[in-house]
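Got some structures for you, see below.
You will see chain A twice below: alongside chain B first, and alongside chain C after that.
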Partner chain A sequence: MSTIQRDLRREPLRYRMKAFFAKPANLILLFFLIALVVLSLMPMVTMLTNMFTVHAGTEKKMLRVPVGSWTLNHFELLFADPEWSRSNFWTPLLNSLIVATGSGILGILIGGTVAWFITRSDLKCKKFISAVFVFPYMMPAWTLALFWTNMFQNSKVGGGVTGMVESLFGICMPEWFVFGLFPMIMVIGLHYSPFAYLLIGGILKNMDATLEESATILKASRFTIIRRVTIPIVMPAILSTFLLIFSSGFASYTVPVFLGSATRTFTLSTKMRALIQAGYEGQGYIMAFLSILLGTAILGINQYFTGKRKSFTTVSGKSGQVSLVKLRGANGIISAVLIVLTLFFAIMPLVSFALESVIKQAGNYSFSNMTLDFWIGTESSVFETGMPSGILMNGTMWWGLLRQVGLAVTVSLIVGTCGMLIGYACVRRRGTWLARAVENLAFFPYLMPAMAFGTIYLAVATSASFKWMYGSFFLLGLVASVKFLPFASRSGVNSMMQIAPEIEEAATIFGVPWVTRMSRILFPIQKSAIISGYLLPVINVMREVALFTLLVPYPRYLLTTMLFSFNETGYAQYGSAVTLLIIVIIILINSLVNKLTGASFDKGIGG
Partner chain B sequence: MKRVLSLLLVLMMAMTLMGSASAETVQEALDAASSMTNEELYEKAKAEIASGAQLNFYSTTSFAEKAASNFEAAYPELAGKIIYAEIDDGETYTKLTNQIGSGVKDSPDMALVQNGPDLKVNLLDDGLAFNYFPAALKDVVPAAYQDPTVVTFINSLMIYNNKEGSVGVKNVWQLTEPEWNGKVFFKDPTNETVNLNFLIMLTSPEWTEKLAKAYEAYYGKAWEKGEFDTAAYEWINGFLKNVNYTFTSASKIATGIASGAAGNLGIFVFSKLRKVDEADRPNLSVLQFENDVDCFSGFMYNVYSTVCSDTDCPYTCALFINWLLSEEGFAGEKSWNSSQGYYSPNTTIGKPEGLEDEPYTYWDGKLVFEDLNYIDSLDNYNEIYRFINVRVSK
Partner chain C sequence: MPQIILEHIHKRFDKFVAVEDLNLVIEDRGFVTLLGPSGCGKTTTLRMIAGLETPTSGRILIDGVPVYDSDRGINLPPNKRDIGFLFQNYALWPHMTVYQNIAFGLEMLKWDRKRIESRVGEMLQLLKIEQFGKRYPAELSGGQQQRVAIARTLAPSPRVLFMDEPLSNLDAKLRGEMRTELKRLHSDTNSTFVYVTHDQLEAMTLSTRVCLMETGRLQQYAPPLEIYNQPANIFVASFVGNPTMNFIPVRILSREGNRIRMEMLGRQAVFTAQAPAEDLSSEGVLGVRPEFLPIREDGALTASIYSTLPAGMETTVKASCGETMLTSVVFGSVDYAVDTQVKMEITGNSIVLFDGQTSRQAGVGAVEILD
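Right after this comes the complex of A and B.
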C-alpha cells in the first residue's frame, strides 16, 4: 500500500518535471536564474563580508592583524571619526549629490529646450542640429572633461598651464570655472542633454496637439501654453529623465577624476577608488555598497514615475498634425546659436585632441611647436618622454587596442546572445515567477554604478577561492557581460514581445526543432533589433573605464585604462592621441550599427 | 560519488603539496643562483625559457622597460621573453598579493617596487616573494641594501620655476608660510607611498630634532609644544595646507611647473626633468644647486627587486637582477644612469660626466632618506597616516 502511495506521489512530479524541461524556454530561464544568482547576488555577499575583514597592504600594516581577520575598524573610521568621516565620506557624498542634481537639471534644461525647438517650432536646419546635437552622447563623457581642461586651463589657476582659450583670446577663466563642481555639472549635463533631448523629444513629438490648439483658441499666451499644457504633459518624462541623469551623474567616475583632482574635489566614486588605491579596501566596499543602495532607490523612484506615466495619454490619434510655433525674426538667431553650440561641443573636442597630441610645449599652438613624434616617433625621437615610441609604433598600445577589441567582441557575443535568449524565454513564459525573477535579476546590475560593480568583482577575485580570476581577461569579460546585460535583456524582451507566439507554434506543430525555429523564424523577423543588441555592447566596452580600472592586471592592459594612466601620469600628448583614437573607433562602430540596423539615436525626433 | 570526492581530495592535497614544493624550489633556486656566474645563470635561463617560461615583470619605474630591452640584447636567446608592465605605486601590493599564486596566465614573476615597508609586510614576511642578491656583489653594495635588494635610488627634489628669479627658500619652514599657499606642488601622499614615507620619516626623532632646530633658526625662538605634539607634525600640517594638488604625477608637476607660473615650486622626482620640453627646461632650477636648505631639500627613496614565489623562471629573474646591478645594466645606453636622479647601490658605478647631478653620497644629509626599518617598527603608523590623510583630503 505504501509503495503504491509513494509511486503515485512521484509520478505526477516526474511528469511535471518532464513537461517543464521539454520547453526550451524553461530550461533557458532555469539556466539564467542560476547563472544570475551566482554572478549578481553572490558577489554582493562577498562584498558584504569584505566590509568586515582586514585586507593586505595598508589595513594589515595599520591594524597589525592577519589578512582576513574580522574587524569593525572600517566602519569606525568611516563613520565614527569626525575628521576622517567628513573628508572621506560626507563631503564626497555631498559633492556627488550636488553634481548629480546640477547635471540632471542642466541636462533637462538644454535637452528639453532643444527638443521643444525641434519638435514644436519652425526652427531652421532641424535635421542638422538634431544629428549633431546627439554627438556628445556618443562620445565617452570623459572626453568632454578632457576637452574642458584643454580649453579653459590657464596661467592663473592650478599649475598655471596655458589652455586654448587663454592662448587664442588671452582670457583666463577663474578656478571654479576650470576645476571642481561647476565644470563637472557642465560636462555631465552636456553629455546627458542629448539623452534628455531623445526622451523629452519623443514625448513632445507624439503629444496630442489638440491640447495646445485648444489653449491657443482660448487666447492663452505662448508662455502660458508651455507652462500650463506642455510642461505638465511631459512632466513624467522630465522626472524620469532627471532621475536617470541624476543616477548617472552620481555614479560618474571619470569626469570627477579629470575635473576634480586639481582642487581635491572628491565625489563618492573618486573617493571610493582613492581609498581602495590607498589600501583601504574595506571602506571602499562600504562606499560601494552605499552607492548601490542609493542607485537602487533612485531607479526604484524612476520605476514609480514611469509606471505612473501610463496614465498620461500623449498619443490619442485625434490630432496627428502639430501646428509649429513660428519663431519669426528670432528663427535665424536661435538656429545660428544652436548650430554654433552643437558644432562646438561635437567637433571642437576632436580638433582639441588632435592639436594636443602634436604639440610639444603645453599652450603653444604655433606650427614650430608641433611634431608627429607622439604618434609615429621612434625610440631615438621620443626617448626623453619616457615612452619607447609614438603610440602607433608602440606594441603596448596595439596590445591594449587588441585586448579592448577582443573584449568588446567577446562581451558583445555573450551579451547579445544572452539578451536575446532571456528575451525569448521571458516572453514565452510571461507571468511565471521564473520569468519575472530572471528579468529582474538581469536588470539588477543596471542599478549599480560601474565603479561599485567593479569593486564587487574585485572583492570576489581577491578572495582565496577565486584568485585564479584576478587580473585575467576572463574576469573582465565576465564583469562586462553581467554589467551590460540589462539593456540587452530589456531589448530582447521588447523585440520578442512584438512577435506573436502563433508563428512559432505553427512551426512547432510541424515538428521544426527549437534551434531551427530560432534561427530561421525568430531571428530573421527581429534581425535589426538583434544586431543592435550585439553591437551596442561593443560601444559600451570600447569606452568603459570605471568598470575596468580596478580589475585590469596593470594600467596599460586595455586601451581605455591606458589612456587613463597616461592622463594620470603626465603623458598628455599620448593621452590625447589615444582619446582621439577611441572616439574615431566609437564613431565608426556607431555608423556601422546605424548602417546595419537602419537606426540612429535621433531617428524619429529630428526634423 | 565517494570515490570521486576522495579523488578530488587527493588531487587537491597533491596540488597544495606541489604548490608548497614549488615555493621551496624557487627559494632554493634563488639561493643556488646567488653564487652562480652570469654564464651559468644564462644557461639555466635558456632552459627555463625553452620549457615555455617567460619573465613577466612589473615595475613602478618606466626606465625598467629600456633596461629589459638592453638585457635582451645582451642575452639574445631570451629575446622577446622579458615582458614589462608599468604599475601604479598605490596599487602595487594589492595587485601583487592577489596575483602571486593565482595561476593567472602572465602573472608577474618578479617586480621592481618602491615602498620597502609594504614590500616587507605584504610580500616578504608572508612568503609571497623572495629576496635575491648575488654573492659576487656583496662587497660593492652596502649590506643595508642587500636584503631586500635595492636596484636603484631615486630622489625627489625641490625644483622651482625661475622665470622671475630665485624663490629664495633657505629654510623648510618658509614653505609653511601663507605666501606659499597654492604654490607648492607635491603628489598626493595618500596615493604615492614614497611621498607618504617621506612625511612619516620626518616624525622620526632625528628629523623632528632637525626640524625643531630649523624652526629656531627661522623664527628666532625655540619650537614649543602646543597644538602639535612635535615640530614634525607642525611642519607637515603647514606644508600640506599650502600644497597644490593640480598635477597628479611627477611628470605633470615637472612639465606643469616648467610651463606654468613663475615662482611655483615642486617636490618631485628629479629624473622627470627629462620629460620637460627643451624650450621650457631653462625655466627650472634645482634649489639644492643654488643654496643649502635648512634642513632638507627633498627626499631619497629606494626601488627594490623582488622575486614572486610562484615564478617558473627563478634563474632568469636572478640573471635580470644581476644585470640591473651591473655596470652594463645600470649604466648602459639610455639606462637609469643616463638620467639625473637615479643612483646605483653598486658603489663602483658613479654618475657620468655632463649631467646636472651629483653622486649618491652628495645627497646624504641634504635629503630625507627612507628607512624601511624605522617605518616598519612604528607603533603609531595608524595615527600618523590619519593625521596626513585628513589634511590631504581637506
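Right after this comes the complex of A and C.
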C-alpha cells in the first residue's frame, strides 16, 4: 500500500470521528450504550454466575465447600430430587401458568365485552362507565387483593379473621374462593381488564365501519358479523393483549403473596423470594433466570402478532358513523349492571380500607367498635400492635412516606430525562446499529419480572465489591430507574417520532445551539408527552412493592414495604390505613397529570 | 459573489449510492433547478450543499470558500454557510406564532429588538401576510403557511436560498400563483435560488438552468430550452416535455458528412444534422416532439387513429403507424373517429437522433422522407 493511499484511509477516519462526536445524538447514544450495558447486562452476568456458585449460609452448610466454589448442585436439587422439585419448582410453575392464563382470559372477556358495548352499541351513560371502569387500573393490583380478603375472609378459613361478607350476611365463602388460585385469577383479571378495554376499544373505535356495514348489506345477522368480521379483525389485538396480561400475571408477586400465603399456594415469584430467604439463593436465581427467558419469549411472540397486525387491521380512524346496535329493552338493565359493577370495584375498595382502618376488632362493624387511634392515636392509647401510635402521629410512617416520595421524585427526574434523551437520540440516528442497540437495551428491563430484577440486583449488592450499595437509597433509586426506563424510553421515542426532523433543522440553519433547540423548540412542542413521561414513574414508584422488597435495608424503610410487613405480621388496620394513603396519593398525582396534560386514561374511547 | 461549486461529490447511505460523482457549478444569482424522478437524489444533493447532510467524499465551495472537503476534513455547519432553507413540509414551529416563527432566527443571530421588529414587519408585508402575525401555524391554510415559511427563510437575508419541492403540498391553482411569486421574489431579493422539483413544467418555467438527475447521476445541466431542444440522451428527452416525445427506432444505412440515410417505419429517409454528427452504431432512435408531427393532407406518413384527447386549446392525437404508436399535438379542438386513416409529416429542424446502443444524442436536425 502506498503512503498516499494509507493517508487517504487514515485521515477520513479521524475526520469521521470528529463528525461523529459533533452530533449530540451520537454522544447521548454512546453514553447510554455504556451505562445500559453496565446496568442491565452486567447484573445478568452476576446472576448467571450465582446460579453456579455456593453462597454463605444454608448452601455452605449443606454442601460443606467454601463460599464461591462452582457447583451444579442448585440445578440438581431443583430438578433432580422429585419431591423437592415438585413442591419448589413444578407446582409453583404450574400455578403461575394457571394464574397467568386465567387472568388473561378473564381480563379480555371483561374488557372486550365492555369495549364492544361502549363502541358498538347505544348503551347509556357511556362516558361515566368508561371513566370509572379504568379506575382500578390506576390503583396497585395488590389493593384489589387486599380488598378481596377484607371482603371474603371468614372464621372458617385461613387465619380465621371475620370479613365483611360474613359479618354483614353471615355467609362463609369456601376456602378456594377466598385464598388460592381462583381469587388470584379474579383479582389480576379484574385489574388488567381496563387495559384490555383500552386496547381493544381503541381498535374497535378506529376500525373502518364499512367493513361491518358491507356485511350488514349482505344480510349477515349482528351475531354473525361479530363472529365472522369483528372478532377476526381484532383478533391480533386480542392475542397481543392476552400475552401482555399473561406476562404481567406470571410476574405478579404481591397478589399471590396476599392471596396465597394463608393456604401456602406458591407461584414462581413468591417461591423465588421464599427460597432466597431460606438461604437457597442459587435456586432462586435459576428461577429468576427462567422467568426472564419466559418474558423474552412472550415479548417475541407478541412482536410477531403486532407486526402482523399492521398488515391487516384497517385502522382508518376517519370512518363514517358507525351504526350502533340498538339494545332496546336491555339497554337500561345492561347499563345499570355495568354502572353498579364498575362503581363497586372503583369505590368499594376505598370504603373497605377506610372501614378496616378504624375498627378495633375484625368483623365487627358496629359504631362502638370504631376508633381513629390507628390513624391519630398517641402513645397514651394502648394497642396490642407493633406501632407506638397511629400512623399519622408516627415518625416511622412519615419517614417511610418521605423516603418513598423522595425515591419517586428522584427516579422520575432520572427516568423522565433519560427517556426523553434516548427518544431524541434514537429517532435522530434511526437505522444505525447504535440507535438500535440502545433502544433494545433500554427496553430489556421490561422483560424481567420485578421480583427477578430485584433478585439480580440483590446478587450484585451482596457481592464483595458492591457491599457498600446494599440497603442504600442509592441502590433503590438505581434499580427503580433502570426498571422503569422502558416505558419512558418508548414514550420518548414515540413523542420524538411525531416531530419531523426538519423542525429541528430549520433552527440548526439559524445557528441555534443544541441545548436551545431542545429547550425552545422540541420540548415545548411535546410538552404534554414529556410531562407525563416525568409523572408516570412517580406513580410507578409510589405503588411498587415487588422490586423493593428484597432490597430495602429493613421492611419499614419505605411505605409500600412497610404495608407489606404490616399485613404479613397481621396488623391489618395499619395495613388498610397505609393502603388508603397510597391510593389517595396516586389519585392525586393522576389528576395532576390530567390537569397538566389534558390526557386521561380512557381518552377517546368512551362516548 | 456566491458561486457554488460541487466537485466529485459522492454520497452513500451504508451501501446504497444516493449521489455519484456529481460536478456542478451554480452561478451567482442563478435560479437552478434540480430535476428528476422521485428518489434520484435531489433532496440529498440539496441537503449536502446546505450542510444538513455530510457527503461521503468530494468538495463543495461556496463563494470560493470550501465548506466541505473530504480530503482536508473541512465540514462547516449550516449556520456558517450563510444560506436559507425552505423545507417541503415548511417545518414551521407549531408552538410559536407567525411573528415568533420569523423573529426566532433573528434573535439567535443576536439582532436587537428594534431591528427584528422592523425586519419581521418588512417580511410580513413582502409576502402579504401582515394580518396573520399573531396566529399559530395550525390556524393558517397551506398557502399561507408556505408564505410564512418563505418569510422565515428570507428574514436573515441569506445569499443563497435552497428550496425543496416547496409547492408540492399546494393545490394546482395555488401552485401556479406561487410559481409566479417565486420568480418575482428571485429578481426582488437578488439572491441565488437552488430549487428541487420533480415537476418538469415547474423546472422549465422557473429556472435559468436545469440540473437533471437520474439514480444519483447527473444527466444534463443546461438552460431549460437547451434541455428541451437538445436533450443529451433518451432519458432527458423523455423526462422533459408533455406529451412525451415520440421515439421511433431507425436503422442507419449510410452517412456522408451531416447527411445520414436511414430506414424508419418501413420507409427510406434522410436526416440532416445541424452540426457534424457523432459516431453512430447501426441502430438509432429518432426523437420527434409531438408538435413536430402535425397531421396534414400532404403528409408522407400514413397512420390510423387510435384515440383523440381534445383539451380545448390543443388536441393530442394518438395514431399507429405500422407497429409504432405516434403522438401528435394539433392546435385547436378536433375529433377523429377511431381507425380513420390520416397523413402525418415530420417537420422542423429540431428532430433529435439518438444512438440506439448508448442512448446518447448523436445530432439535432431535420428529417426528409424519401419515395
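Convention: the second predicted complex is superposed on the first by the 591 of 607 C-alpha atoms of A that agree within 3 Å, B and C clash if a C-alpha of one lies under 4 Å from a C-alpha of the other, contacts with A are read in each partner's own complex, and residues count from 1 in each chain.
We adopt the following convention: a residue touches a chain if its C-beta (ideal position, glycine included) is under 8 Å from a C-beta of that chain, and two chains touch if they have at least 3 such contacts.
Predicted model only: the values in this text are computed from it and were never measured.
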Chain B and chain C placed together on chain A: clash or fit? fit
Apex chain A angle, CA centroids, chain B to chain C, rounded to a multiple of 10 degrees, is 150
* In the superposed arrangement, which partner chain does A:264 touch: chain B (first), chain C (second), both, or neither? -> first
Thinking of the overlay built on chain A, is A:469 touched by chain B (first), by chain C (second), by both, or by neither? first
Practice item. Please indicate which partner A:406 is in contact with in the superposed arrangement: first for chain B, second for chain C, both, or neither. Key: neither
* Is A:507 contacted by the first partner chain B, the second partner chain C, both or neither? -> second
Could you say whether A:516 touches chain B, chain C, both of them, or neither, answering first, second, both or neither? second
Larger residue footprint on chain A, choosing between chain B and chain C, goes to B
After fitting on chain A, the minimum C-alpha spacing between chain B and chain C in angstrom comes out at 32
The residues of chain A that touch chain C in their complex are 8, 11-12, 14-15, 18-19, 500, 502-503, 505-512, 516, 520-521, 524-525, 527
Touching chain A in the complex, chain B uses residues 58, 62, 65-66, 69, 85-88, 90-91, 93-95, 97-99, 101-107, 117-118, 121-122, 185, 190-191, 244-257, 259-261, 264, 272, 274-275, 277, 279-280, 334, 381-382, 385-386, 389-390, 392-394
Touching chain B in the complex, chain A uses residues 55-58, 60-63, 67, 77, 81, 83-84, 87-88, 91, 155-156, 158-162, 179, 261-264, 266, 274, 276-279, 281, 360-364, 369, 379, 383-388, 461-462, 467-472, 553-557, 565, 568-572
The answer for chain C against chain A in the complex is residues 50, 52, 54, 57, 70-71, 73, 75, 77-80, 83-85, 87-89, 91, 93-95, 104-105, 108-109, 152, 156
